[in-house]
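Multiple structures follow.
Heads up, the next two complexes both have chain A, just with different partners, chain B and then chain C.
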Partner chain A sequence: MRLKLEARPVPSPAMRYLSPLLAAALTVVVGFVVFSALGQNPLAAFRAFFIQPLSSTNGIAELLLKASPLMMIATGLAVGFRANVWNIGAEGQLIAGAIAGGGVALYAEGMGAGGLLAVMVVAGALGGMVWAAIPAFLRTRFNASEILTSLMLTYVAALLLSYLVHEPWRDPQGFNFPQSKMFDDALLFPILVETTRLNASFLVALAVVAAGWVFINKSFLGYQMRVAGLADAAARYAGFSAKRTIWIGMLAGGGAAGIAGLAEVAGPIGQLTPSISPGYGFAAIIVAFVGRLNPAGILLASLLMSLLYLGGEQAQIELRLPSAITGLFQGMLLFFLLGADVLINYRLRVVRPVHAAAATAAGKAA
Partner chain B sequence: MQDATAAATPRLSLRGIRKAYPSVVANDGIDLEVVPGEIHAVLGENGAGKSTLMKIIYGVATPDAGEIRWEGRPVEIANPHAARSLGIGMVFQHFSLFETLTVTENVALAIDGAKDLAALARRIEEVSQRYGLPLDPRRLVHSLSVGERQRVEIVRCLLQQPKLLIMDEPTSVLTPQAVLKLFETLRQLASEGCSILYISHKLDEIKALCTGATVLRGGKVTGNCDPRNETASSMARLMIGKDLPVCAHAEATAGGEPRLVVAGLSHKSDDPFGTDLEDVHLTVHSGEIVGIAGVSGNGQQELLFALSGEEPLAEPFPIRLLGAAVGRMHPGRRRKLGMGFVPEERLGRGAVPNMSLAENALLTAHRAGEMVRGGLVRADRTTAFARDCIEKFTVKCGGPEAEARSLSGGNLQKFIVGREILQAPQVLVVAQPTWGVDVGAAAFIRQALIDLRNRGTAILVISEELDELFEICDRLAVIAKGRLSPTKRTRETNVEEIGVWMSGLWPGAHTDDIGSSTLKAAHAAQA
Partner chain C sequence: MDALVPILVATLAAGTPLVFAALGELVTEKSGVLNLGVEGMMLCGAIAGFAATVASGSVWVGVLAGMGAGAATALIFAVLTLTLQANQVAAGLALSIFGVGLSAFAGKPFESVALPSPQAFGIPGLADIPLVGPVLFAQQPLVYVSWALFGLVSWFLYRSRAGLVLRAVGESPTSANAIGYPVIGIRYLATLFGGAMAGVGGAYLSVIYTPMWVENMTSGRGWIALALVVFATWRPGRVLAGAYLFGGVTIAQFFAQGAGAAVSSQLLSSLPYLATIIVLVLISRNLNVIRLNAPMSLGKSYHPDG
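Entry: the complex of A and B
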C-alpha cells in the first residue's frame, strides 16, 4: 500500500478555497511545535500572538492600519500576477512613492493644505509607477526579466531614500538624525478613530481594493490580462497587445505600492526616515497569493498577514522572542500555501499493489 | 525464416486489456492478435483508444487489467526499454529527434552500446538502401524534410531488428507518392516475417495495405475484418457506427470580388528551424473556398501567422484585405476589417482552456457581439452569444458556463468555428478545420464552411488532409518549402497531380534550389 498523487480530471474548485485555510492550519500546527521548541507554553504563546493584539480597540485599529498597505499593494500586484507579470519589487516602488509624495509635502510646506494631500497621493502613485516603469521598459524593449530588475531596483530605491534623508532633505533641527522634517499636521491623513493611529488611508486602501475587483473581474482590459496569464497564444491570436499587458501589470502594482508608501510617511510615521516599511512590499506578494489573486480574498489575507505582524511584535515584547518570528510565520504561510495548492490539480489516493500477482506469474514464466 | 511452431503462435496477443483514466475508460476488454508477417490495422476515430493501446504495447502505459502474451508466453512490459528488448519498435506520429544532431548521432542515442559512429553510419546506409529508404547519415536532422525524418525513425527501429513494428498514423506527413513508397517498404518487412501494427483512420490506405484489422470505437473492439474483403463504407460503419456523411455542395460561381490578396509575400522565420516564406502570391474571391495543400512543416505555420497578424510583417503591402494593406496590422485590427480566423490548435490558442465558453466568446467576438460598454464586459451579451453558438452549431457541452477544456476536441472545434462564423466575416482563414475531429463533427464543420461560402464569404483553408481539400475547395494550391504553387480548379486536377506538386514540382517552380533528396524522391515516385 502506498500513497499516490493522481491528477484530477478537473481542478477542484473547493480546494482552491480550502487550500489557504489548510495552509493557515498547518502554519498554526508548526507554530505550535516552534513555540514549544523555544521553551514557551504554546497555548500562552498563541494567546499572545493571535488573541491579545485583537483584544482592544487600539489593537483592531492597528490591525486595520497595517492591513491597509498590504491590501493595496497586493491588489495592485494581483493585476500583474494574473497576467504572468511578476513584479517582485513593490517594496522599492513603495519607497519611490514615499519619496515622491513626501517630497511634495516637504517642498509645499506652508502653501496651505487645501487639496495638497490629494496631490501627495497622486505624486506617491506616480513615484511608484515611475519606479515600476523601469522594469516594464526593460522587459518590453530588451526582454529583461522583470523579476530580477524590479527586485534589484528595490535596493536602489532604499539607497536613494537613505541618501535623501542623510543629505539634502535632512532636518536641520533634527540633531543630525538621518530624517526629514516632520510634515505639517494638515498634510497627514486624518485620524479615523480617536486615540488610535488608524487614518483615512484605510479608506483609500478599501477604494483601491474595490477598483481592483472591478478591473480584474468586470473590465475588458482586465479580461485581456487574465487571458494573457492563462494562455499566451490565445491572447496573441485575439490580438491583445502583450506589451500593453506588461505595462498595465507593472504600473498597477507600482501605483498601488506608491500610494501605500506615501500613506506610511503621511500617516503613522509623519516624516521621511531611512526605513519606512517593515517589508510590506514583499509581504504583499504572499497576501496576493493567499488571497487567490482575487481582491476579495486579498482583503481577508491582508488582515491575516497584518495579524502576523502584530503578533510578532507582541511576541517580542511579552515572550522575548526574536523579531524573526514574524518572518518565520510569513514564510511558513506561503510555503504551506504553495504546497497545499498541489491539491487543487491533484488528489491523494491510496493504491494497493494490483500487479503483484501478475508480476510473479511473469517471473515464473520467464 | 520462421519455423513452423513460431508461425502458428501469434507474435503478440492481447486479452481483455483495460485502461481507465480519471475521466475516461480508454480501453475496455480489448482483444488483439498479430501473427508473424502480418500487417494488421488498428482502425478507429480519434479518441477510440488506439493511442492508449499502443502505449500499453510499447510499455509507456501499464494496463489496469488484462493479459499480454509475446510469442505465446505472458509478459509484463514495464517500459519502452523492455518493449525494445522483446523486439518491439515504434514510429511515433510526432518524432523524437534532436534537430541539431546528425542522423547517425540521433540513431546512436537510441541504441544501447553504439560507440563506433562510423560503423553505425555504414549500417544505417545498408539498412536504408535495403528497404528503399534513402538517407544520408551525415546530415543534420533540421535540414531533413518531414518525410526524411520519418525515415530516420523507421531506420532507427529497423536497426534493432524488430519482430513487431508499430506505425502510428505514418502517412499524415507524406505525399501520396511517398505513401506508396512506404507501403512497399512495409510489405518487404512483412515478407521477412516482421509483424506490423498499422494505426490509421484512413480507410483506403488500410484497404490497400493491411491483411487484418481490429476496429475500435469508444475504447471497445467493434469488429475484426480482413480489409481486402471489405469496402471503405463497410469499415466506416464498424468504425463510426453509421455511414460516412458526405457534404452537399455545388462549385462556386465565378466572378466574386477579390477579398484577400497576397502579393509577393516573403518573410524570414524567427525560428532557426522554421520555413521562410518566399514570394507567395494568392487571391481569394468572395464566394469561393481556396485550399492550400502540403506536407506539414513546409511553411503553413508561417503563412498562417502572417495572414492572421500574430506575426505581423515589416511592410503593409504584401497582404491586402478588402483593398486595405494590412501586412503590419495586429490580429485585432484585421478582425475589425472583417477577417475571421480558426487556428489549428484549439486549446490555448483558439480558446482559453480554463475559461468558460461565454468568456471564450469574448475572446474574438467582442466587437461583433457588442460585448463591451464603457470598458466593462456585458456578461449577458457574452452568455447570449455563447448560447446562440452552442445551439446553432450543436456543441455538446454543459452550457455557456462550461470550461473550454471540458469539451471534446470536436465539440470545441465546432464552438470555435461557430464563433468565427457567427461574426459574419468577410474573409475566413481556417487551419486544419477537422484535424482530430470525429467524422460526424468533421462533416458538420465542412458543411458550415460551404454554407458560409454560399453567403459570399471568401474562405481560405490550409489542411494536410487531401481528401478534405478535394471535398470542399473550389480551387487548390500547394505549399512546399515556403513557396506557393499557382492555384488550379479542383475539378481540373487530381490527387496524383497535387501529390507531385507537394514535392515542390509544379510548372514554373524554381527547382534549382529545392533539396536534391526531395527531387530524387519525387523522380523515384514518378518513375
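Entry: the complex of A and C
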C-alpha cells in the first residue's frame, strides 16, 4: 500500500482556506516536538508562547502593535504577488520610509506640529516607494530580476541608515550612541490605550488593509493585475500593460512598507536607530501567503505572526530560549503552508499493490 | 608587484564561498529548478560546520557537516517543489527565511566561541614561483577543492552523458520524460548537490574564512551567488570569474580603509550589493542573452502526469 497524489478535476476551494489552518496546526505540533527535544515541558512552552502574551491588556496591545506593520506590508506585497511581481525587499523599503519620514521629523523640529505627522506619513510612503521604484525601473527598463535587486537594496538601505545615525544625524547629546535625537512627542503617533504602547498607526494599518481590499477585489486595475498573475498571455491579449503591472505591484509594497517603517520610528522607537525592525519586511512575505494574498486573510495571519514574535520574547524570558526561535517557527509555518497547498490541486489516494487488490477481489468473489 | 600579492590572495579567499554556492546553484538551475534558498542553505551549512568543527577539532569534519546540512535543507525544498509541486519562488524564499531562523537559533551557544585560523597549504614547488606561487598555490586546501569542483562541474555538464541528460531535463522535462529519464529523480539529485555546495560555501566562511559564528554572517552572499549564475549566463567559467570579481569588491573596503581613504565604511560595505545590481542590469538588459542561455524550464513545476 502506498500514497499517491492524484490531480483533482477542479481545484478544491475548501482546501484553499483549510490549508493555512492545517499549516498552523502542524507548526504547533512540530513546536511541541521541538520544545520536548530541547528538554522543555511542551505544555509550559505552549502556554508561554501562545497563551501568556494574550492574558493581559498590555499583551493584546502589543499583539495589535506588532501586527500593524505586518498587515500593512503584507497587503501591499499581496498586490504585487498576485501579479507575479516578487518584491522581497520590503525590509529595505521599510527602512527607506523610516529614513524619509524620520528625516522630516528631525529637520522640522520646532516648526509646530500642526499636521506634521501627516507630512511624515506621506514622506514615509514616498521613501518606501522611491526604494521600490528602483527595482521596478530596472525590471521594466532592463529586465533585471526584481527579486535580486530589491533584496540587494535592503542591505544598501540598512547601511544608509547606519551611516546616517553614525554621522550626520547622530544626536550630539547622545553619549556617542549611534542614534538620532528623540522626536518631539507631538510628532509621535498618539497612544490609543493608556499605559500601553498601542498607537494610532494601528488605525492607519487597518485603513491600508481596507484600501488594499477595495483595490484588489473591486477595482478594474486590481482585476487586470489578477489576470496578469493568473494568465499573462491573456492579460497581454486584452491589452493590459505588463509594465504598469510591475510598477503598481512594486509601488504598492514599497509605499505600505514605507509607512510601516515610519510608524516604527514615530511610534514605539521614537527616534532613528541602526536597527528599527525585527524583520517585519520578511515576515510580511509569510503573512501575505498565509493570508492567501487576500487582505481579510492577511489581517488574521498578521495576528498569528505577531503572536509568534511575542511568544518568542516570552520564551526568552520564561524558558531562557533564544528569541531567534521566532524565525524558526515563521519559516516552518510557510513550509507547511506550501506543503499543505498541494491538497488544493491534488488529492491523496491510497494505492494498493496489484496482487493485494486481486486477492481482495478473489476473496469477495468466493 | 609584491604589493599586489596580499590583495590577490584575499580576493581569492573572499570569492571562494561564492564559487561553491554559485557552482552548486548552477547545476541545480541547469536541471530546471530555481532554488532561491541559497542564503538559508549557506547559513545552515555555516553553523553546522562551525559546531562540528568545535566538537571534533577537525576542519574537514566541519566541512562535511556543512555539506550535509546544506543538502538536508535542500531536501526540504525538493520535497516541497518536486514532490508536492509547490511554487519554486515561494518555497525558495521560505527556505531562506527558515535558514536564517534555524541558524540563528542553533548558533546562540556558539556566539562567543573562537576557532583557530587554519593554516594555508603551500603546494611544494609551485608555491615558490614568484607572484603566481603565493597567490595561487599557497591557499587554504578548500580553495584547491573549489577549483577541482569547477573542473568537475565543467566536465560533467559539457563532456559527460549524465550532464547531457541533466541539461535535457532542464530544457524540456516533457521530452526527457518521454525518452524514459526520471525527471523528478534527476532534479532531486541536482537540488541536493546545489544544497551541499551551498553548505560547503557556508562552512568555509564560518570555519576557515572568519573563523567564527555570527548570526546572519553570510550577509547576502547566497543572493549574490544567485545573481552570479545569471551574470555568468549559466556557464561555469564565468561563474568562477564572477565570484572572484565579487571577492575583489568585498575586500576592496579593507584595503581602502587601510590606505586611509576618506570614504565612509558604510559606502564601502555597500559596494558588493551595488555591484550585484549593476552586473545584473548589464547582463539582463539584452533579453536575448537571457533567453538563449537560461534553461528553458527554469522555475516551472513539472509533474509526469501532466
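The rule is short, and it goes like this: the second predicted complex is superposed on the first by the 353 of 366 C-alpha atoms of A that agree within 3 Å, B and C clash if a C-alpha of one lies under 4 Å from a C-alpha of the other, contacts with A are read in each partner's own complex, and residues count from 1 in each chain.
We take it that contacts are C-beta pairs under 8 Å (C-beta built on N, C-alpha and C of every residue); 3 or more make two chains touch, one makes a residue touch a chain.
Since the model is a prediction, treat every value here as computed from it, not as a measurement.
Peer 1: Looking at the overlay, what does A:142 touch: chain B (first), chain C (second), both, or neither?
Peer 2: Second partner only, chain C.
Peer 1: A:220 contacts which: chain B (first), chain C (second), both, neither?
Peer 2: first
Peer 1: Based on the superposed arrangement, let me know which partner A:163 touches: chain B (first), chain C (second), both, or neither?
Peer 2: Second partner only, chain C.
Peer 1: Between chain B (first) and chain C (second), which, if any, makes contact with A:233: first, second, both or neither?
Peer 2: first
Peer 1: Applying the document's definition of touch, where does A:7 land relative to chain B and chain C: first, second, both, or neither?
Peer 2: both
Peer 1: Should A:23 be classified as contacting the first partner (chain B), the second (chain C), both, or neither?
Peer 2: Touch partners of A:23: none, neither chain B nor chain C.
Peer 1: In the superposed arrangement, does A:329 touch chain B (first), chain C (second), both or neither?
Peer 2: Once the two structures are laid over each other on A, A:329 reaches chain C alone.
Peer 1: Spot which of chain B and chain C makes contact with more residues of chain A, would you?
Peer 2: For chain A, the partner with the higher number of touched residues is C.
Peer 1: Which partner does A:287 contact after superposing on A: first (chain B), second (chain C), both, neither?
Peer 2: Neither partner.
Peer 1: Residues on chain A in contact with chain B in one complex and with chain C in the other?
Peer 2: Touching chain B in the first complex and chain C in the second, residues 7 of chain A appear in both lists.
Peer 1: Which of the residues in chain B end up touching chain A in this complex?
Peer 2: Residue positions touching the partner: 21-23, 62, 64, 73-76, 308-310, 330-335, 341, 343, 345, 348-355, 359, 362-364, 366, 372, 375-377, 403, 406.
Peer 1: Which stretch or stretches of chain A touch chain C in the complex?
Peer 2: 5, 7, 86, 88, 138, 141-145, 147-149, 151-153, 155-156, 159-160, 162-163, 166-167, 282-283, 285-286, 289, 322, 324-332, 334-335, 338-339, 341-342, 345-346
Peer 1: Under the definition above, what is the set of chain C residues touching chain A in their complex?
Peer 2: 36, 40, 76, 79-80, 83-87, 89-91, 93-95, 97-102, 104-105, 108, 215, 219-220, 223-224, 226-227, 230, 264, 266-267, 269-270, 273-274, 276-277, 280-281, 284-285, 287, 290, 303, 305-306
Peer 1: What residues of chain A sit close enough to touch chain B in their complex?
Peer 2: 6-10, 214, 218-221, 223, 226-227, 230-231, 233-234, 236-241, 354-355, 358-359, 361-362, 365-366
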